[in-house]
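The following pair of complexes shares a single chain, subunit A, combined with subunit B in the former and subunit C in the latter.
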Partner chain A sequence: MQTALQFGPILVHLDRLLLGLVKTIQLAALSILFGTAIGLLGAVGRSFGPRWLAWPIATYVELIRNTPLLIQLYFVFFSLPLFGFKLSSNTAAIVALSIHLGAYATEILRAGIQSIPAGQIEAAKSLGLGRYRIIRHVVLVPAARAVYPSLSAQFILQIMGTSIVGAIAAEELTAIANNLVMQTFRSFEVFIIIALIYFVLVQAASLSFAGIGKLMFRWKV
Partner chain B sequence: MRNFLKQASAGAMLAGLVLALSALLPSMASAQTVDQIISRGKLLVAIDTTTPPYGFLDANLKPTGFDIEVAYKMGEALGVPVEFVTVTSPGRIPALLTKQVDAVISIFSITPARAIQIDYSIPYAGQSAVVIAPKSTAIKGVADLVGKKVGLTRGTGEDGLLTAAAAANPGIEILRFDDYSSLLQAMVSGQIDAMGGGDYGEIYLKKARSGDAFEQKYILKTFYFGIGVAKGNENLRQWVNTWLFTMKTDGILEQLSMKYRNQPLPPLPVF
Partner chain C sequence: MSLRDFGPNELMFLLLATRWTILLALIAFAGGGLLGLLVAALRVAPARPLRWLAAGYIQFFMGTPILIQLFMAYYGSSFLGYRPDPWAAAALTFCLNGAAFFGEIFRGAIEAIPRGQWEAATALGFRFTGTLRLVILPQAVRLMLPPTVGFMVQIVKTTSVASLIGLTELARAATQVNTVTFQPVMVFGTVSLIYFALCWPLSLYAGHLERRFAFGSARKVEKPLAMSAA
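Moving on to the complex of A and B:
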């Protein structure tokens, strides 16, 4: 018995898949934005903040990095309503994804901060630079440049991580593809098509991250 | 030379990849006849352990439920042990297409669309898809769902019915979950206002929350479950039909229904 691949019944629904792609890009872009912001605050807080701030940040990082993203999604969507925070599926997905990335970004940026030699900071101090300008120009920018490749690798993982948020009924490419599978029963064709879409999306993202990196960190060491 | 080797190995890898991919295509494997299953010494059955009371995990994390017992009885009748392959509802048809399993016994409603890709036995069980909501919510029919969030399991019969209802009545927001336990979770945590599910659903919601806060609101449709086999596997399908006939006439299906569903089976038409 043979089941030939038929893409026709799927391609008529291409508009729905493209809508899913838009939602996936939204989820990824917003969570990368918020996650990086959390990571920046976390890394600066842990490296330069008061001592009492260090352990809550460390606890957050360990808690998130040692639990699966799926459980974090379930927690935000199913458990938070019991404490009075009811978020819609896509909002819950953005919150969970941002918190998830935030923990990794904190550690990556902290590693960058630690890679700055003490002499560089002492030199800045002896030149009379203030604390804010030292943290921003002498530490953070070179630190971000040092860890930018790992950070963009984490962003790529984040884009692919959005594919599981259908578990809390959020709408994105994989969830819409699953709906389509159930409607057309052409699972191979649908998954081949969304694999291609993801491939193009992630390739485009990688190239953009590389381009942004070149623009942001133009000078040589 | 080095470049050539590099290219050659890249070419070999690509060829390997293509081979591996083509091995995944359904046409490569072949369906198992009754004789072949017996000589192999095991029956491979796809089940879903997130669909109580048909398939779930007991206190010892062993699969149990109406469908699971039917699967064990099928193995018994063939004289071979049963090996379970756990799938979710979207994974049932692919499991048959790729010949990972001999049969799917997992609340597999008989629909003409599915029967294009796989073959069904005569029905061995049936149940109604209903809308369930908290007692405090007044829902009499589809019109009362407008403006509400209605949850369901992706790809189930309820999905088709409620998606059509939502298309005809703008304002119904449908939330699709991957499995039944997530759907129940969403209902209990109040993330959805109502849910489409089996007529047994409220039993589990009552367990999840003290008191009986949920009730069945109205019946969407009655579905009949068949055992799915690979398309064209007439040998196995004919045996399954014969065996199901005896399961019905011996009253075993009825016993299982009372044990797991707390209610008798609806009349089961045959084809």
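Moving on to the complex of A and C:
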């Protein structure tokens, strides 16, 4: 039994912890970018697209939201090579994370679109605005503004979700933590430090998302 | 090059592993629910330090990945001189983690009950715990029900993460079957369907409750933003 916590042997590997943090931020940022794009397409497709498009999108959303991210990760990582897509662990992780977030973003943005009163769209039509401009300026921007808090909460969950991609040997903070456990044998101390890093990252991210929201949606109601 | 094909035996193996997923989910639901009630009560307690304590607890468990919490419980037990056990670590982590999320759900429902109810109970001589137990909670239950069922879906899905500390449940059984058959589409497709069969009815029921309780309640409880990744 260890009698005292010893952080020294871990802190000499600070450079690797920082590398892991950078990789985690990369995974999160790219998958948030792609996932939100998927969500935007899904929500617009479901609300304004042709009727036959509605049920494939609904199926995608329900399938993803009712199965674990870990299984989606395994599915992408092990199955895609069979179809000729050879992906590195980190690419597979970004693909799976993006598909995962895409389903949640679709649902959140669709709720935002539904919250726009029909009268607002009718008013835009009677002013002679075209379909594209109505969808973009009259529907999407106010919708995004209405659901921005839910969306950024989902982004935070996405950041924490990246912690499990070590399961397919992708490189990020948690995977590096597990390497450090084997090197230093200070397992508990490693994860205290890692928990602290994630905590700071999550707090910084929520502050940033709040700031970005203020900048993007500045106007008064 | 595969050692075995995915057949009835492999399917049975996966279905049998599913009971551990269900068991862990039930432990998390029961333990997390009970502890969550305590967290919610502390979160709205009259004494400020108690509120801070509960807020800090929630911040920690909602602000770090559950996988890290699992590793902390697993390695922490060996640090304290116990033999690390995946089941003990997972049960503890899922109860504590669930308590934070349930605490937030319950708090939302409690705070949606008009202030006047508290004041009336105080005027009638009820103390804090009496008011909460006899006046507020019975009214708040219908508000907390839909998000609670919704969070159960989260719990079922999140139990898969426990496979990463070596607990043999559905997700770990899936990787084991995949290693011997190497038919990932079949294996993970089947496992996805099993998880889907567990989660979808709960999702539908949560949606049903939400629509049903949308009538007749002046205030709407905010849905927990915890639609969890992982």
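Just so it is clear, the second predicted complex is superposed on the first by the 219 of 221 C-alpha atoms of A that agree within 3 Å, B and C clash if a C-alpha of one lies under 4 Å from a C-alpha of the other, contacts with A are read in each partner's own complex, and residues count from 1 in each chain.
Note that contacts are C-beta pairs under 8 Å (C-beta built on N, C-alpha and C of every residue); 3 or more make two chains touch, one makes a residue touch a chain.
Quantities reported herein were computed from a predicted structural model and do not represent experimental measurements.
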Combined model on subunit A where subunit B meets subunit C, clash or fit: clash
First (subunit B), second (subunit C), both or neither touched by A:Y104: second
Touching partner for A:I71 - first (subunit B), second (subunit C), both, neither: second
Partner chain(s) touched by A:M182 [first = subunit B, second = subunit C, both, neither]: first
Residues of subunit A touched, compared between subunit B and subunit C (which is higher): C
Which superposed partner A:S89 touches (first subunit B, second subunit C, both, neither): first
Partner chain in contact with A:L157 - subunit B first, subunit C second, else both or neither: second
First (subunit B), second (subunit C), both or neither touched by A:A167: both
First, second, both or neither for A:Y198, with subunit B first and subunit C second: second
Identified clashing stretch of subunit B versus subunit C [169-177, 205-213, 241-249 or 259-267]: 205-213
Doubly contacted subunit A residues - partners subunit C and subunit B: 1-2, 74, 78-79, 82, 166-167, 181, 187-188
Complex interface listing, subunit A residues touching subunit B: 1-3, 5, 74, 77-79, 81-82, 86, 89, 166-169, 175, 178-179, 181-182, 185, 187-188
Partner subunit C, residues of subunit A touching it in the complex: 1-2, 62-63, 65-72, 74-75, 78-79, 82, 97, 100-101, 104, 149-150, 153-154, 157-158, 160-164, 166-167, 174, 177, 181, 187-188, 190-192, 194-195, 198-199, 202-203
Residue ranges of subunit B touching subunit A (in the complex, touch as defined): 24-27, 31, 89-90, 93-94, 97, 113-114, 116-117, 151, 154-155, 159, 175-178, 182, 185-186, 189-191, 230-232
Complex interface listing, subunit C residues touching subunit A: 60, 63-69, 71-72, 75-76, 78-81, 153, 157-161, 163-164, 171, 174-175, 178, 184-185, 188-189, 191-192, 195-196, 199-200, 203, 225-230
